[in-house]
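Next come two complexes, and both contain subunit A; in the first it sits with subunit B, in the second with subunit C.
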Partner chain A sequence: MELERIDNIPTETISGYRVRPGKPLPFGVSSVPGGLNFSVYTSAGTSCTLVLFSRSEMSPLAEIKIPDHYRIGDVYSIAVYDLDYEDIEYGFRIGGPFEPDKGNRFDPTNILMDPYSRVIAGRDEWGVDPDWDRAYQYRSRVAFDDFDWQGDSPLEIDDAKLVIYELHVRSFTKSDTSGVKFKGTYAGIVEKIPYLKALGINAVELMPVFEFDEFENSRTHPDTGEKLYNYWGYSTVAFFAPKAGFASSGRFGMQVDEFKQLVKELHKEGIEVILDVVFNHTAEGNERGPSISFKGLDNKIYYMLTPEGYYFNFSGTGNTLNCNNPVVRNLVLDCLRYWAAEYHIDGFRFDLASILGRDPWGAPLSNPPLLESLAFDPILSSCKLIAEAWDAGGLYQVGTFPAYGRWSEWNGKYRDTARRYLKGDNDQIGQMAQRVQGSPDLYQSNGRSPATSINFITCHDGFTLADLVSFNDKHNEANGENNSDGGNDNYSWNCGAEGWTEDLGIRALRSKQSMNAIGMLMTSRGTPMLLMGDEFGRSQHGNNNAYCIDSEISWVDWSLLESNRSLYEFTQALIRFRHQHECLRINHFDHHGSSHFPSCSFHGTTPWKVDWSPESKQLSWLMSCDNIETGLMDAVYVATNMAHYATWFELPTLPNEYKWQLCFNTGDSDNPCQALPVDFSDSGILAGERSLLIFTVSPRET
Partner chain B sequence: MEVKLESFNNWQVIKVCGQIDSKTVGDLRDFIDSELKEDQPVALELTEVPFMSSAGLRTLLTLQRKTVDMGVDLVLVGVSTEIADTMKVTGFYQFFKVVEALENLHGAA
Partner chain C sequence: MALTIEVVQNDVHVTITLAGDVDTKTAPELLSKLVALELNVLEQLRLDLQAVNFVSSAGLRAIVFAKQKMPHESTLYVIGASEQIIETITKTGLGNAIKIVESADNI
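After this line comes the complex of A and B, so read on.
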């Protein structure tokens, strides 16, 4: 016989609703038989009222003041019965002192979003002007967490085998040229999975998908009248909720299912999902910003405050989340566990992650508890943890980020070195040699591995690859800030003319330089990351910071796939090449190499002799290992000539039983990648000006 | 929302008229629980359903599981383009056989 639990029976009626004391855990809303359990934390708040709305209604359906004896410690919880899960929206009013100079900003007239909300209503469709007269803007709803995964689980692809593709959900398919039905949405990405699969990448890194408000600080361009948005979304409103405006089903509140379907379909094709997460600050801004949730719940717990109650601004965006407070730390941990367990997310890239290692007063910690907790968490143990290892407060930790053997890093030094070497700057050979072998200067002495280094030449921040070879300077006028925003250290070179040109020579050089960049990236040890569309020359017309632009400037123009077909095919072939050659993916700095060659050796125009002088523009690398199954040697030789003149490269001598095969030559504009590797019997090769060549070895037939 | 049980050849047809959402879905579920015969294939006629919410789609999936357990076919009939799109992007569509009209049922079974 099944007994009905007595703790499922309401004990009293408040404001017309049957209720009983709730359970303090889990935080947020959870289902109990016949009702919903609401739980919220406030350490300095003195009262808590649960405010219920019918969907989209201006006025509350009911306000249920949670009796004080329902509070345990600092947590108010209540079970409310007979609610329509699907229709209900809820928030909280928290009473307490409004004393900003002491860090308290309680205001019971304001309705606060549940920080653990799994679905947010109020920004259901992208770009639809919200009703600003509403007292409650970002409205907590109840999620259905019953998606049928049909046996799916996170893929757990070895770090060293990853090829990451960074994309913005809306930009990826918003353009008509994308040819998809559900443009600019999670479902639109699903339609492009065959493309991603054919390209050969095996992880997508999605720019922020936690609910944000595209209308935050939205404004009109002073000259063009164009509307400018919080387009990228590096400003979180709700950490547990997927952005509704990125879901074609967002207007029906089904973004949770749509996002899970995206993950499931990507996993089916062997593609992991990494989320770009922003825990360094929130959308509440500084003392002039709105009070959405944390400010009114427990301001001085959630934010780093000056002794006068102002907001520290290590993020450069107004406030700094107080991540090493134990309560906030648990929120971050709960959040990531939720995304890993409930959405099967494979990894996280942490925006301005160095902030997460600061103490509540901003000083860098030697053993930051949050980073340690994440590194050793049982649910996150297979998740990739990737740090953007710097912050806007001047902390730069590439190579020194507290890693606990788990964290990898966006390697900004790889980006800068590869760019400078590519454009022919002096003094780059030594640096480049470090970057190509996985940056041992940064990661070897502290026991880390090459895959710790996320290698990239372009990412959402800064120029696209096509712009990197087409512009000397940023052109951010469309952002409406007089071109003062965006970085100035682009290490870019326009190849002879600024921006678009009809000069065929310049265009050919740009195409070659793009291939050179991708060639270096895909033959370096570490984890390569491509920016969406770089494989076919996507341009932002020189804008290196299109964070606010919702137009063709940001959207991927898929017509370029045809016009720049050779770049696409080159990239595709190189990714396949990387997957085929284990020697490029060795993930130990102390790897012994093959029977014939060291694991990674450097050469110049003469084998085994590198010209390390400041003026040198030639560097070759030879990577090698033995294939355990076949007993054969795997070797890849990459010759790069970044000088403005052709140069003869003598090839390293092979053992008699092997021969060289030429696979890629960016100097051969008609045929930069060989459909089949070409046997190569000469002792050397003339590398054209600013060219990259890739050879592999094949056993001689006996 | 109204629900009626009709028949078409050997199919039992559950004909729904009106919106299926959290307010009406209980009636549909009760109807299915009480009226469904164990040994006949089931057609859910949705031509007159203009909108189906998340709760509605979940009830459809419950019905699908139930018919699998019963070992009978389930076919959705006359799903509007908008509902079908929502079902596709959220992953529900793949669990169902869908036909345009009752006359197409034989091909689906």
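After this line comes the complex of A and C, so read on.
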């Protein structure tokens, strides 16, 4: 006889609902037979009331004051029975002192979002003006884990084989020119997967998709009257919830399924999903910002506060999450584990990650517990962990970020050096030689590998590639801040005219410079990252900080794919070339090279002889390894001439059994990439002004 | 709009014909009809949605629930669903579990 379980029977009735003491773990809401378990942490709160709503209703369905004897330690938990899971929205009221100067901001008149919410209602469709009269704006809902993954799991692609493509969910397909049905959404990206596959990238890095509010600090442009948003979303409302407004099914509350479908479909085509995550601050701002969740649950625990109770602002956005508090650290860990396990996410890129290594008073820690926990976490062990290794408080840790053998970094020095070399600045040859071989000056001495370096020339922050070669200065007037926002160290060069021009010579030079940039990126050791649309000349019209712009300035213009077809084909061919040549992807600094050449050697216009002088504008690199299976040598020789005049390059001498083949020549505007490599028997080649050439080797027929 | 549910059982399959909206309020009615079937041995289930305007996430989850309870080699047909319903099913990945047909003649 099967015994009836008695451990899930309600023990009392409160506010008309059958309840029993809940389980303190897991935090948030979880299913128990016949009901839902709610659990929330507050160390200094003195009371907790669960507030239930029917979907979208203004007034609560019920308020259930959780009895004090239901509290274990600092955790209130309660199991409530007979709820309609699909219909319920919930939040909490937390009692306690309101003493901002002591760091406490309890206010039981306010309904707080569950920090562990897995679905948020209230911003279901992008750009639909919220009803600000609602007492409860970001409404916690119940998520389901009934998605049919059909055997999918994270891809675990070797770091050294990745080619990352950074994109913003809405910008990628919002334009009519995208040709997709579900514009600006997760489903829209699914429609573009054949394009991504054909391009050859094997990871997408999605700019923030955790639920944020595009209406946070939204405003109207003082001159144009255009609405300006929190468009990029680097300001998290709910860490466990995908942004509903990015889902075409968000109005049905099905953003969880739509996002999972995106991950599954990308994985089917061999493309990993990396999320850009923002744990350094939240959408609650400083003392003038709203109290959404953390502020009212436990302000002193979640935020770094001055002794007077003000918010430290290392993020530059109002507050700083107290990530090395053990409770907050667990929240971050729980969050990432959840995304890895529940959404099959392959990696995370941490915005302003250096903040995560500061102690509660802001000082950098030598052994930050959060970064260490993430590095050694059993569930995250195969996830890529990528740091933006600086913060807005002046901490710059490129090369010194506490890595524990696991973390890689956005290499800002790669970006700056490649840009300066590209535009012909002096004093760049030595730096460039470091960047091309995976930045051993930054990563070798501490035992890290070339793939530690995420190499990029452009990313969402700053100019697009087309703008990098079209503007000397930023043009951020559309942001409504008198062009005072955005960085000024762009290392850009407009090739002779600021912005759009009819001058065919300038336009041709810009196209060549774009190819030169992509050529350097794809032949450098380390992990290359492209910004969406750079492969066909996407422009933001000189705006280098379009964080607030929801218009054609930000949206990818897919018509450029046709008008800049040669740049696209050049990029596509180079990505394929990178995948074919292992010597470009060697992932340790002590690699011995091939039987004929060192692993990575540098040359000038004369083989084996580099002009390291400040005025030098020519550098070549030769990378080589032996193919273990075929026994043949793999070698790639890249010659770059960033001078404004053509220069003769002697090629290194090959062993008799090999011959050079020319694959790419940006100086040949009619034919910058060869459909088939062309045998090359001359001893050298004239590299055109500001040009890049790429050769490989092939065995001679005997 | 109210939901009417008609269940017809024959030797090899069950047909459930719905009329109205399957929203958060009415989805539990569909779920209770599904639960009442012997799903674990059912080889084929046909859901006729020709007279349905709207299916909420709760309604879609009831359908997923049914398929998960049915044997692996069983088939769940959704008949005559509107374009919008089919789109929602497809883009949220629920389409893997079911077969979408225009009418019962296509089965």
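Throughout what follows, the second predicted complex is superposed on the first by the 700 of 702 C-alpha atoms of A that agree within 3 Å, B and C clash if a C-alpha of one lies under 4 Å from a C-alpha of the other, contacts with A are read in each partner's own complex, and residues count from 1 in each chain.
To be clear about the criterion, a residue touches a chain if its C-beta (ideal position, glycine included) is under 8 Å from a C-beta of that chain, and two chains touch if they have at least 3 such contacts.
Please read these numbers as outputs of a predicted model, since none were measured by experiment.
For the composite obtained by overlaying on subunit A, subunit B and subunit C cannot both be accommodated without a clash. In the superposed model, A:Asp503 lies in contact with neither subunit B nor subunit C. Contact with both subunit B and subunit C is seen for A:Phe147 once the two complexes are overlaid on the shared chain. Looking at the shared chain after the overlay, A:Glu86 reaches both subunit B and subunit C. By the touch criterion defined above, A:Ala187 reaches both subunit B and subunit C.
Looking at the shared chain after the overlay, A:Asp7 reaches neither subunit B nor subunit C. Touch criterion met: A:Glu258 reaches subunit B and subunit C at once. Common to the subunit B-facing and subunit C-facing surfaces of subunit A are residues 84, 86-87, 144, 146-148, 182, 186-187, 190, 248-249, 252-254, 257-258, 260-261, 264.
The part of subunit A that touches subunit B in the complex is made up of residues 84-87, 144, 146-148, 181-182, 185-187, 190, 247-249, 252-254, 257-258, 260-261, 264.
Residues of subunit C that touch subunit A in their complex: 24-25, 27-28, 56-58, 60-61, 64-65, 68, 88, 91-94, 96-97. Here subunit A touches subunit C in the complex through residues 55, 84, 86-87, 144, 146-148, 150, 182, 186-187, 190, 248-249, 252-254, 257-258, 260-261, 264, going by the rule given at the top. Contact residues on subunit B toward subunit A in their complex (touch as defined above): 21-23, 53-55, 57-58, 61, 85-86, 88-92, 95.
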